[in-house]
Structures are given as C-alpha cells and as structure tokens.
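The structures come next, written out as structure tokens.
Okay, so chain A shows up in both of these, paired with chain B first and chain C after.
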Partner chain A sequence: MAMESVEAVVAHIQGLSGSQEEVAHLHSLLKQSEDALRSQAARLGAFFHQLDPSVHTLGYLFLLEAYSSDPVCREQDGDFLLSIVEFINSCSAEQIRLAPEKFISVCKSFKDKVMQLQVPIQGIVPLRTAIRKLQASSEQLTTLHSDYLLLCLLAKCYKAGLSILDDDIFEVDQPRDLFLYCYYGGMINIGLKRYRKAWECLHNVITAPMTTLNAIAVEAYKKYILVSIILSGQVPLFPKYTSSTAQRNLKSHTQPYVDLANCYATGTFSELEGCIQTNLEKFQSDSNLGLVKQVLSSLYKRNIQRLTQTYLTLSLQDIANAAQLKTPREAEMHVLQMIQDGEIFATINQKDGMVSFHEDPEQYITCGMIEHIDSSIHRLMALSKKLGSLDEHMSCDPAYLTRIGKERPRFDFDEFDSVPHKFL
Partner chain B sequence: MDLSPIQNAVASGSYATIADACDELMLQVASRGIAYQEDWPFTVHLLGHIFANDLNSARFLWKSIPQGFKESKPELVAAWRIGQCLWTRDYAGVYDAIRGFEWSPEVAGLVTAFSENYTKKMFQLLSSAYSTIGVADVAHFLGMSEDEATNYALQHGWTLDSSSKMLTVKKPKIITEQKLDPSKLQRLTEYVFHLEH
Partner chain C sequence: MEGDDEATFAAATGYEAMYANGDAGDDPRLPPTPRSGKAAVGSGGDLMDVEAYAALYTGRTKVARLLFIAERCGNEGMQLEAFRLAHDEIKKGEDSHLYREAMAKIGDRLGPRYAIDQVWADAVDRRAEVRKEKLENELNIYKTNLIKESIRMGYNDLADFFYAHGQLGDAFKNYVRTRDYCTTSKHIIHMCLNVILVSIELSQFMHVSNYVSKAEQTPEQLDPVTHSKLRCAAGLAHLETKKYKLAARKFLETGHELGNNYTEVIAPQDVAIYGGLCALASFDRTELKNKVIDNVTFRNILELVPEVRELINDFYASRYASCLEYLENLKPNLLLDIHLHDHVETLYTEIRHKAIIQYTIPFISVDLHTMAGAFKTNVVGLEKELEALITDNQIQARIDSHNKILYARHADQRNATFQRVLQTGVEFERDVRAMLVRANLVKHECITRAARKP
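Right after this comes the complex of A and B.
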C-alpha cells in the first residue's frame, strides 16, 4: 500500500471503529500505515482532537505511539502528559488488548517523562488504571507492574503499591518482568515494614529460574539476607528448587552481607557494630544502610527472645545484662515495646523488678481464629485446583511431550509407549 | 481542587477514613498535573495517619512535604511532633505534644478523639503488660496526675497499696465468641471431599 497521508488514516479510524469486524480491518490498515505515521510524527499533534479516545481507541493508540516515539514531540511537557492520562482514563480495554505492545510503549514513554520531570506521583493513578485495562485478569503480570511499583517507590507512596502488589500472580509473560516486580515489591514491603511479605518477594527473585546471574538477583539477595536476619535471626539455606547459577554465585557477590549474617549469629552487640563499621561504605552505596540499622536494633529483641526459651521468670537486671542494655529501666522499656508489638508474651512485675514469660495465650478456638483458618484452607484448595489444571495443561503440551519423548530410553518398537510416536 | 471528601470526613467525625480519603485524592489530583501542594491540607492528612496508627505513612508524608511549609506552618510541625513521639515510643511525650499546642477548630475534634483513643490504648497495654506497676509510672504513661491516674485505675478494678504506691493490675476478662453456625458444616464437608480426591 502506498504511503497514506495522516488525514486518510484519521478518516479510516473515524469510519472503522464501530464493530469488532471493522476494528479488525482497521487494525490491519493501521499496521500498514505505521511507517507513514512515524515519519509524520510532528504533524500528529493537530489530529488528536478529531478522535474520541474511548471510541477510536485503537486508532488513537497508533497515533499516540508514533507521536510519543518521536523525541521532539516528547519535549512538549505538560500537554503530552495530560493527553496520555486522558487517553488511559478513557480508552477501551478491548481495543487496547489488540495492540498491547503499543500501549505498553506509550505507558513507558509516560513513565519516563514523569521520572524525567521528577514528578513520579503524577504517574501513579494513570499507571494503575493502565495495568487494570491491559490485564486479561488480575492474575496476569504485565511489564507495567514493575514500572508502577517503581513510581510508588520514587514518590514514597508505598501504600499505593499494595493495591497491585496484593494480587496473586499466576501468569508471567516475560521473566525480566518477574524479577523487577518481585524486587520492587520487596522494597515496598520493606518500606511498609511487612517483613514477611518482603521476604517472600525477595525469595521469589533469588529462586527464579536463571541461567546466568543478573544484577537484580544480586541486589535482591543482599536485601534478602538483611530481611531474613530481622525476621528470624538467620539466613535460610537455598531451597532445592533454586537455580544452580544462583546457588553457586550469589554469596560471592554479596560478601559484606554474608559476613554481617555470621557476625549477627555471635549475638554480641559490639562485634556487630564493628562489622557494620567495616563495611559501612558498601552498605551506604547499596542504599541498604537503613535496613542494616534495623538489623542492629533487632539484636536486642533477638537476645531477649532467646531468654524466654530458658527462663520462666527473670529479673530486669538480668535481662539488661543478657541483652547488653545499660539499666534495668531500659530493659523494662524494651520488654514493654516487644509486648506492645506482640513479639513476646510476658508480664512485668515492677514491685519485685521481675518479668514472667508466658506461652502464647492463643487457643485457636475463637470464631475469629476459625474464620482465619477457614479462609486459609479455602485459598489452599483453590491453589491446589489451579496447580492440578496447570499440570493437566502441561502434560498435553507438545513441547513438553517432545522433550520427554526424546529423553526416554528407546526399547523395542512393540514396547508399550505412552508417548505418541510423532513426538519422538 | 475539590477537597469535599476530606472535609466531609472531618466534619462527620469519621476520623478513621480520613487518611485513605486523603491518599487517594492526592494521587488523583497529582495525576492531573495540578500543583496541589500549595492548598493541600497536610495537617489533616498527617493527623489522619496518626489517628489510624499508620506511622509509616505519616513519616513518608512528612518527608514529602516541602521544607518551606514545615517552616511556615506551626500547626503542621506540632502535628508531626505527636507522630515523632509515637514513632520513638516516647509514651508521655505524646501527651505533651497534644497539649502543647492550641489546635485550630478544623483539627481540634480529630486531635481530641486521637487523645482519648491513645489513653485507652495505653491503659490496655499497661493492663496486659504489667502485674504490678508504680503509681508514678501509670501517671506517666496515661498523661495524668498521680491522683487522676490512681482514680482511673481504681475505677477499672485495680487495687492500690498506698504504702508502696504500687497498683496491682486486674486483667480484663476476655469474652471470646464461640458460637458456630450450620454453614460451617457445609465447609467441613467440602474439605473432606477435597482431601479424598
């Protein structure tokens, strides 16, 4: 097809956005006009007002993508951003999904622009809307997920990240998306002090399939070590399903952190402080100093918690000595804070200066607890069903069958073979 | 800028919803590229987070407020002082921060409600954490005079040993709901079915 003029393309868009068949036809016309649009990007700005983003979504998208790929057009700051926000808000999700790469490209230009102008907060609601429109379901991970979390981090609107982060993901298109999404997710959870959730996110990064080591996994492992210490006082071994690449290489790239974990295990405050001082610059340049400081203050808690395993009652003076605190009053305040945070079950007897440690009083028989267990079982059943159907799906997949067919030892032709011969 | 969702929440006393309303509205306004910071009710926003005991959000919000505002708005700084005391667990300092400022009518209701909540929560904490505690400390943690604190404690069933000025805590009875309804039977059947297949 000859090079179309922009006017002609716009006329097509206006005329062919009625039904699904029309839009499909329009789609092929637009694909043929891509070069024309790109070469005339500077002119496109004048045409947007002739189109309605909610009705002419697909056409508008092609124009917008050509426009935003042009560096000169991108310099039109304010209007450029607002027109994309407007588009995202009014576009039709159905039409968007016909050209997802173009939509993603527009959104990425948008994100780059808000970051360049240092107004990440401006991009949060639009990207959230964009994700919801792009996703086929809330279980699907898109490239935009990690961009969204990045903006939340930069704008310090951590809570805004949760609306996306709390979705359970079952489908991933691009492995790189998963790495970044889980890494940023870990950082958001750390900011919100949801350490268990942060641990899960970071765990996903380091145990994801990897043939070569990547920088995201290394950074994630650094934070993983710190969060593990804060949560449980130690760093767990790599689970069996961790890639051998990760198992062989992660530790050597994160030596200061591994050292810190070993130092923590000795339980001495001054030794830990010393270890931190030695590697201070490294922690700072990795932007992990805040987390490292939290590791330090968790040592008091860890030492006090250890006492509960040995003693039923202990004097405040003894607690102060064991936890390397200066006065019994300091010990009392630490214990009080741990009681407030639910990290310890104890009662302070000021008259005698003693603390009694208790068992967790939870009896697991209240209605509230039953509801909790109930919903957990429900989630597990749903997950189990999902895994079952994934398994079924995979056992019918030709690629999979070819693979196991090839790896099976060849016996007699008459040998009963459950893998059809065409896959061998 | 239409701030009515926030103003309505404040006026109707639904203080627990202020923080979320502020967060969402701020994101919406920012997405339209409006320079919202000049007229934004930061003090109400901050106090909303403090009321909901969401100190993380309060800290992040404080960090994002332009330096100039922090210098020119004393009420904002006073509100932050409450948050700071909560964050550093300066239990008594919270009361000083609340009482040390003449709050504007806009936020006075919110601050008072927070103060009452906080006193109750502190008392609950003391009840669960202590078996015996000195009168001076109770007064310190509840932000009351020793006499007021003693009366408050006695009203809740604690006992006083005047010679040693020690209060003995009475643990509140925990009433736990244990009724089950028939739909639970349906659920149990589903679980057994699932496990058997």
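Right after this comes the complex of A and C.
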C-alpha cells in the first residue's frame, strides 16, 4: 500500500467520521497508515486544529498517538499537556473503545510528562475523565486505574482517589493491572486511615493467583503485616486460596516485619521498641516508618481496650500500669484520644482519677440503623445473585465439563452420569 | 526395727521429730496423712512418715517411690531413711543394675553398714546368667515340642525373670509374646496385667490403655479384684496423659475390693487422693455430688484419707478457706508422689479457679474484701486472679476497681446478635467480592493459557 500522505489521512478522517460503518472503515484505513503517521510525527502538530476531537475522535486519537510517541515532539511542545487534556475532555467514548491501546498509550505519555514536570496534581482530573470514558462498565479495571492512583499518591490528593477506589472491580483484563491498582489503593486507604479498606486491598494483592513471586506482592505483604497488626493485633494466616508461591516465599522476603509481628504478640512495649530500633533502616528504606510508628501506638490502644472488657471502673494509675505507660497523665491522654475517636466508651472522673467504662450505647433501634441493615441485605442479595449466575455460567462451560468429565469416577451404567457424553 | 538402727545415724537433722512420728505409728497400715497433716500445720515441714508410706507398696514400685522421695524431699533425715529402706528392698530382690544405680546415688551417706556390696551384686549376676540360660533352653525345648501351654509358660517365666532382674524392655517383649499362645480368658487377663505392670514401670501409658481395653474385652466376667485393678491402671494412664476427667471417672469406679491386692502398682489411699483431686478439678457440681459424695463404693476408699473427704465436702458446701487449707497441707506430700507430682500445680490451680467461679455464680454483686477474706488472700491478688478469669471468659462479670466490687454482667443477647449479624454481613461481602475478582483473574489466566495452547 502506498504511503499515504498526512493530508490524505486527515481528509479521510474528516470524511468518514459520520456513522458506525464509516468509522469502522476509517479504523481499518488508519491502521494501515500507522507507519506513515509515525514517520511524519513532527509534522502532525499543524494538523490538529483541522480536526474536531469530539467528532473525529478516532482519527484524532491515531494522530495524537503517533505524535506523542515521538520523544522530540513531546519535549518541545509546551502545549502538549493542554492538547491532551482537551482531547480527553471532548473525545467520544465509543470511538475510543475501538482503539483502547492507543488511548492508553496516549494517557501514559501524558502521565509521564506530568510526572516529569513534577506537577502530578494537574494530571488527576483528566485521567479520571479518561478512566470513565474508557471503562465499559464501572466494574472494569483498566491500566489507567493504577496510573491514576499513582498520581493521586504523588500529589497527596487521597480523596480524589476515593471516587475511583470505591467502585467494586470485578472484571480484570490484565492481572498485572490488578496488583498495582490494589497496592496503590491500599496505600491511599492507609493515607486516609481507612485501615479496614486498606487491609482488603492488600489482601487482594497477596492472595491473587500468581505463579511467580513479584515485587509488588512482597511490598504489599510488608504493608499488610503492619495494617493487620494495627487492625486486629495479629497477622492472620494465609487463607487456603493463596497461591503456593506466595505462601512459600513471602515470609522469607519480609523477615523484619514478621519479627515485628511476633514481637507485638508478646505485648511488652519496650521489646517492641527495641525490635523497631534494630530494623530501623530497613523500615525507612521501605518508607514504612510512619506505619511502624502507628503500630507502636496501637499497642497502647489494644491494652486499654482489653481493660474495658474486664473492668467497670479503673483508676488512671492502674491503667497506666496495665498498659505500660509512664504516668497517669499519659494514660489520661490516651483514653481521651480513644474516646474521641470512638474506639471505647468511657467517662473520665478527674476528681477521683477514675475512668468508668460503659457499654456500647448502640441499641440497634434507630431508623438509621434499620436502613443500614436493610441496604446491607439488599446489597448482599445482589452479590449472591451475581455469584450464583457466575456459578451457573461456569457449569455450562464446555471446557469445564470436559475437565470434570475426564476426572469423574467410573460409575456403573445404571448410575446417573452427571456429565453428558458429548463432552468426553 | 526401731532399736539399734537409730544409733548408726550420726548426722540426721530433724530426725527426732520424724521418729516421733514413727513411734506412734506401730501399725504400718495406718495412713500417714493425718499425722503429717497436723505436723505440717504446726511446723510447715514435709514430715511424711517414709516407712509407713513405703509399707503400702511392694515390688519395684516401692523402690522407685523411695528413690523418688529421696531425690525430691529437702529433708536430709527423710532422705536417708528413704535410701535405707530402698536399699533393704533392693537387696531382697534380684536386680543388680538397680542396686548399682541406687548405691551410686547413696554414696556413703548411710554409713559403713550400707557400703556397696560388690560380692552380692556379682553373685546375683552370675545366678542370673545361669537361670537365663536354663530358661532359654527350656523354652527352645518347648518350642520344638509345639505345646502351646508350655511355650506360654516358658515365655512367661522368661519375662518374669527379666522383670525381676530389671530388664524391663525384654520383660515387656516376652510378655507380649505370650499373647499368641494364650488359650483361655484367664491367660489373656494374666498376660494383660503383666504387660500393664511393666508398661507402668516404663511409663508407656499408651500400652497401658491398650491392654486395659484388651483385658476388658474378654467374654468372661471379670472378678471384682481384677476389675478394680484394670480400673486403677486405666485411671493412671489417663492421669499421666492429663485427661483428668476420665482419670477421675476411672478411679471413682474402683471398688474397695481393690484393698491391698494391687500394691505392686498403687495403694488404695492413692486411688482416693488421685480420684478425689481429679474429680474436684474437672467435675461440675452435679457430677461431683452424684459420683463422689453420694458414691458408696468410693466412700469406703475415701475413708482411708479423711482429709480428701473433708476437703471435697468443704468445697461442695462452699467453705473455701478450709478446703484450700487442706489442699495446702497435702501439697508437700503429693509433690513426692511419682505419678502425681507434675500434675499437682495444674490440679491445684484448676481447683482454685473452680472455687472462685463457684463463689461468684449466685451473686449479682460481690464485695471484693469479703471474697478476699473467704479465700484467705488480699484484694490486690484476688483482683489479678479475677482479671485473668474474666479475660478467659470463665466469669461473666466486671470489676469496679474504685469501690472494689465485682458486678455480674450478662451479655445483652439482642445487641450481641445484631452486632454479629452485621459483622457476618461485612465479612461475607468482603470475601465474595475478593472471590469474584480472583475468579476473574483465574479465568483470564485460563483463557490466555488456552489461547497459547496449539
């Protein structure tokens, strides 16, 4: 095929961007002229104003991708970022989904540029729009998700990440995307102190099916240990569905953290501090020192919480002794903080130096609570239905039936055969 | 017996006091505990009457117990007494290995009359060699003749010989070998009892349990003595494996027909003590009443150790202070018992916990000062104990540390249920979502793998 000039391509784009069939035709044409476009990347800059991104999205995308893949253009063009942002905002979603890899590569170069210029915050809103346009449904994970979360982390705009994180993900195209997404998601949740959610994200990373160990899982496991300790005081065992690679290898790569967990279990404050001191550089190099400090303070909290189970009233001095704090004043500070955070229910009587612990005042009779229960029930029913349909779908799958047909025990002829013979 | 032996003991501290005990104890069958109990209350020492104690047993267990006492007791007088009795007992038997071992431990503390008698030991060894050859030859003859009964007797005699000579492993093997040649139930029972005896000596309580069940499976009705013996053995096995409830049940089923028939293993006083303590530590109130207090057969045995009877009654009637006091008094002697010594602490803690829990059950609120008085401890210590029990969920209560009152606390079922329900919902949601993601991942992996396959 003769090399088409850029002008010819532009003309095609303008002409064939009307209906669906035209666009499909355009798509094949564009694919054929990819090399041509790339070789003339430098010239492309002039042609952008001839095209309208919202109508000629696909063509614009191809041109843009060829343009941005050329490093010289990227460096020199001051308006590079602006043009991409404009494109993302005005492009049409259906046309983008025809060529998702191109779109992704454009966004990636956008992200790289933003990071290079050290203004990650500028990339957040455009990328979010990009994700929403690229996703077929809100349950789908794209490669852009992890880039988006990375920018949020770098810009420290954790709340921005929440809107994407709160979507439940059920469809994953590339396993690698999931690892990064969940890892960054965990970090954002830690930043927002939503430890339960962070634990879930990190749990997904380490229990994801993997045949070889990857660095993301190792880092995730380190944070997982720390978050587990903060949440429940101990690190749970690997569930059955964890891959054997993970089960065998993760602990050996994260020895200082495992030691920390064991030290925490024994409960004395000074031992824990000592353990932290010995491994200080390792924690720092993994940039986990902040989390580690929170683990330390959680030890106090756990000791005080245990006291609420046993005592109705207790003097501040006794609390200080039991929780290994130095003075009753410190104990008072800690208890006050915990009451404010809603972790315990108590009142401090400063005159006597006594703390009275109360039961959880929640009576489960308010309207708000009933609504909460009701919505949970509905949500869970929808979830089980989804699970049921997945199960049904899989039982009808020919590959599955062939597999169990081969492995089933040989019954007598009169016995009911659960697998039709055509699948054997 | 008591005459000129004393003169040879030069340095024996506490000797007079101990012999004061022994003086009044002419009848060796009188239980040692009442006197030593009182003496202990007075002086706090572990003044057990070693001789009376040893007289309760025969055979190897007597020697083993005496040596154990000698090792464990702190009192030198008792130690020497125990060594002396052990030495005399060993000399009556044929076990030269044991003799040498014991003499090594004794050294020359017992004076010149008890120096190691090499001549005797060598004579025993020589006799043993000769007898062994003879027995083995006889056995071979019987084997060639293929007469079952003689072969059985042959193995039995060989095993008896090994047992007498201290080679317990060989004795065990030979007793087990007689099994193939047993024809009547009597034979089987005889074999089982022998095996049980050797296993107890060897501390292999798995075998004890096995052979007790074997013996009980014989179609013939067991006579009461054998039945009691088997019960005791089973009880001992359970005790050693820390199954206190089962041990208690077995001991309680032992009838008084046991009498002095099983002295090569256990004395009826021991049955009373083990049974009583295990029952106290592991039974609940109804079981305690039905199986111990109202148990007529066990009552006869319990009469032998009146303190245990008293302490069980005190516990049941909630007189905890005196109950715990009896326990404390018994403790030093129990620590010298070869079967019970390592269980004493556990059993005592259990009993104490049970007492505390039982004390708090009927009340909504309990003043810690009164309770501390009832348990003869101070409020701080009591608070610590209660804290441990509450954390362990054995007591449903809360401590008001300011006013030193314990308030019973009954969990609100309704709230607890709601909480659990919501928690289960959250966990379900989390797990199912994670599972769907994982399923999706695996599906993609399978698809890529299937795509790659030719």
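Here are some notes:
As a convention for this text, the second predicted complex is superposed on the first by the 397 of 424 C-alpha atoms of A that agree within 3 Å, B and C clash if a C-alpha of one lies under 4 Å from a C-alpha of the other, contacts with A are read in each partner's own complex, and residues count from 1 in each chain.
We adopt the following convention: contacts are C-beta pairs under 8 Å (C-beta built on N, C-alpha and C of every residue); 3 or more make two chains touch, one makes a residue touch a chain.
Remember, predicted model here, so these are calculated numbers, not experimental data.
In the superposition on chain A, A:Lys326 makes contact with neither chain B nor chain C.
Contact with neither chain B nor chain C is seen for A:His49 once the two complexes are overlaid on the shared chain.
When the two structures are aligned on the shared chain, A:Ser384 is found in touch with chain B and with chain C.
In the superposition on chain A, contact is made by A:Cys367 with chain B only, not with chain C. Touch criterion met: A:Leu178 reaches chain C, while chain B stays clear of it. Once the two complexes are laid over each other on the shared chain, residue contacts for A:Leu192 go to chain B alone; chain C is not touched. By the touch criterion defined above, A:Lys240 reaches neither chain B nor chain C. Judged by the touch definition given at the top, the superposed model places A:Pro209 against chain C, while chain B stays out of reach.
The contact surfaces that chain B and chain C form on chain A in the two complexes overlap at residues 352, 377, 384. By the touch criterion given at the top, residues 387, 390-391, 398-403, 407, 412, 414-415, 418, 421-422, 425, 428-430, 432-442, 444-446, 450 of chain C touch chain A in their complex. Every residue of chain A that touches chain C in the complex is listed here, in rising order: 168-175, 178, 200, 203-204, 207-209, 241, 306, 309-315, 318, 352, 354, 357, 359-360, 362-364, 373, 376-377, 379-380, 383-384, 386-387, 390, 399. Within the complex formed with chain A, the chain B residues making contact are 23, 26-28, 30-33, 54, 56-57, 60, 63-64, 89, 125, 128-134, 137, 164, 166, 176-180, 184, 187, 190-191, 194. Per the touch definition, chain A reaches chain B in the complex via residues 78, 81-82, 85, 119, 121-126, 155-160, 191-193, 333, 335-337, 339-340, 346-352, 356, 365-368, 370, 374, 377, 381, 384.
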